[in-house]
């Protein structure tokens, strides 16, 4: 049966981990659900806020605080903003895979999912000259085929599941001796989308939250995960968290991270490499079957 | 006509009651509304957070504070996580019925509802070796047939109605001299779902609240119900309230409960047995009829 | 053209007015939009919270503070809970019309609307022995025929429009010299529904707010309307605001009202009689016409 | 490719800019999406709150604080409330274009969009005797044809895009040497709609926020944009922000603006004229193309 993840033995002197992930969705996240939006200039400009305004602020924040982060980038964004992506690489951050056009794989065949992963890989490699080792599924939507497809392509880790705050080795299938992928779990509660996203008739609840509220929630989870020895994996979107008051709230959160004793703030790939070094027993996640 | 519940005479020295209910929905609550989700790995992992991560924290909290609670468990969860359910039993908590696959009975015939109740009962008995005395309808959805179906199967109490904060004897039908079931009422406002639940295209408003806000609301109702002499019945879901900052907020609420003078914090079955001992006149809840 | 309401000359020593309206929707507000809910026991119990639990608390609060309020009651509620309605009357409160089954008149013919008003009137008169002088449209939904239908039946005032905080004389049609009805305007922002209401698949945003937040909003509007010399018309529903922490928040708001100098807290009918005594020029509210 | 906007050189002594925009939607914003609402008296009164109650308060606030603002007015509102619009003009504020009936241009042909712009222009000129130089698209919905249509009609600026907080010159098409329009960007987060708007079955999330929360968010963005040297463009709707507590929150925000050193608070047209004087290189905003 499904088992909880084993506690992670962090490197010496380390009590808990944290990683900042920026999902560079830009236009893709709208185009994938509403292709006709390509002709909606204001909507496109709303998404372009990410690369044009949010990204420079995020990169400046990270440089000022000396923090390396992970940028999960759809292939379409890489092709549309290649200079920006190369700047991310040149400033020492990790670039990871985030689909081609931010496609949801719900209902896709494994072949379709594989084609999407390949197309995204090709775009990232062409723009950056490097092959990513990490994957975050668009919309955090994966299938039971996803781990195998990623392993076939040499990925080290995935960051799309939501069963806890501890990284682990995820078995490819339902056998303990299968190949495995490092998993760095995420959660809707540690994501800026639910707090800030709103585009009429495209996404959002219709409400927009105060950055103070988001900061309050995330700070409380940060302190608790630090105490528990877990991995605080926060997801931000440049088109959302790049706004003036929000980037300052994020900056205060990063300051809190830097003050927590023994907190290892690192790109997801560094954490994944550490987890891999622990040679943990792979964890099996059996698909549920409902008998009528 | 419908009458308010009579005030409850609590045991000597007791001013008010409180009960913690944990609905162990896990995967079932998604599978019941969207069967195709069985192939959505991330969604399944989001629900597995409950048994894998939330439950150990909840059990640890209850053990540390010396509190017994009630775990309302769908049969499907019992079959999928039998060791977990036996651990709950072995740590002295109550296990109660919560459907088989978290089915809504809205629109079901009495025969279909009976089959669902029987299937859930069978699963719980097989896993735990014990027959539950309490029932909480999935989605808190009951029909006017539900009380009779539960009485036929020997249940002592239900905890799915929402007309107040006082437990009472609920008459089976519309006659005062009918059989009756103890009712321990609940409410959407004393439930973590509305504060925290979000799964895109499955459930949730799209917003996720700060645990501080939930704690503020629940603390205020706790203090007021204590003053009023009622029964504070809080509902939490391990996949929601098991998260790091939320479990700490819940822990602070339990601390508040333990400091309130004369507050009886007990599993629902203990409260139900006390109510039954009072030999209250059954309360009739007539079905509304609209004449055109 | 439409004109703003004239400032109201309040009685000597009075600076502003306030009125508490309780909409006794109970089961009707659900049955009108989802007739099959009559067989959903939990849903019916959620609505019955109003008459069974909320109303006794509201009446006790008003008695303790010596405040008279207005209870807007659908005919169906009057027929289902006649003793409760007579208690409201006997404790000195105003009872006003709120439809028969809380029907929305959007899309109704004037004949259908008239039949609904007559059915509600008949039910209220039969139960209370008195004919109401005030009307609040269910869902605050009125047509351009509503004023005339109310005037034909001898109503003094309506309380369903939302164009300001000043009562006025509303002309029946588009002529200045038409008959007129006193209007006491309301607003979604001074209503507990948007803060608290949630019934899955029936109504609500899915979120439930902290009473502290509702109190903060309403207190701020109360102070501002007091300063402006307007009429603070607050709408509460017993099934919502009757809950333990919410009724205490409402009590604190009433305490604030009683401390504001020169605030006249009265049933809507008293305010309407005063407005009528001012012999204000009726205000015309022309129906918009869009030319293609 | 798309480039970020160049920093704006503000006039001597100026560190950052701010502009208050009031969108005078009134009835039009409902009639455009639900024409049958013309017969819903309460809904029409809810929208009439803007011209009848909100506008006088907003004009009084601006006069008291000596601030000039921009009123974006649909042609239909101008025709329905001509005296109000002339009062806005006579008090020294800017009047700008906001469609005829608040039409969304999503899916419109360029010919249909042109006809809408012309009809709005004609209404504004007829009522005020002046030709507006600014445009804000209804629902902030523009097409790639919008800039050319506005330039053909002599507009100086648009205020509907959302890619940052810096005004810029927006190229008409995809060539650097094209004609250009000044753009003063806006954002859903600096809009009162997401905080306050609710009309059942017409618009809104169903929740209504406390003005304190809106003020907290907007103050934080104001301080941050002031620090960054950007342009804080706040959008308010008289039918929303004209309410008693909300107008006071807005007043406190304006007071904060007036205390910030070197903040230039001006109508959008003044800011647009300044931006035009800088002779900035036009910025190209290429339409995305997704290859299958």
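As written, the chain order gives the labels A, B, C and D, with residue 1 at the start of each chain.
Basically, a residue touches a chain if its C-beta (ideal position, glycine included) is under 8 Å from a C-beta of that chain, and two chains touch if they have at least 3 such contacts.
Nothing here was measured: the structure is a model prediction, and the numbers come from that model.
Engineer: So chain A and chain B: same face meeting same face, with over half the numbers shared, or different?
Structural biologist: Both copies, chain A as well as chain B, present different residues to each other, with under half of the numbers appearing on both sides.
Engineer: Considering chain A as a copy of chain D, what rotation angle in degrees (nearest 5) results from a C-alpha superposition of the former onto the latter?
Structural biologist: 90
Engineer: How many angstrom between the C-alpha centroids of chain D and chain C?
Structural biologist: Their C-alpha centroids are separated by 35 Å.
Engineer: From the mean C-alpha coordinate of chain A to that of chain C, what's the distance rounded to whole Å?
Structural biologist: A distance of 49 Å separates the two centres.
Engineer: Can you pull out the residues of chain B that are in contact with at least two other chains?
Structural biologist: 205-207, 209
Engineer: Touching chain C in the complex: which residues of chain D?
Structural biologist: Against chain C, chain D makes touches at 27, 31, 35-36, 38-46, 48-49, 51-53, 56, 76, 80-81, 83, 101, 196, 198-200, 205-212, 243-245, 247-249.
Engineer: Tell me, which parts of chain D touch chain A in their complex?
Structural biologist: 1-5, 106-107, 137, 139-144, 146, 160-165, 185, 187-189, 194-195, 204-207, 209, 213, 216-217, 220-221, 223-225, 227-228, 230, 285, 287-290
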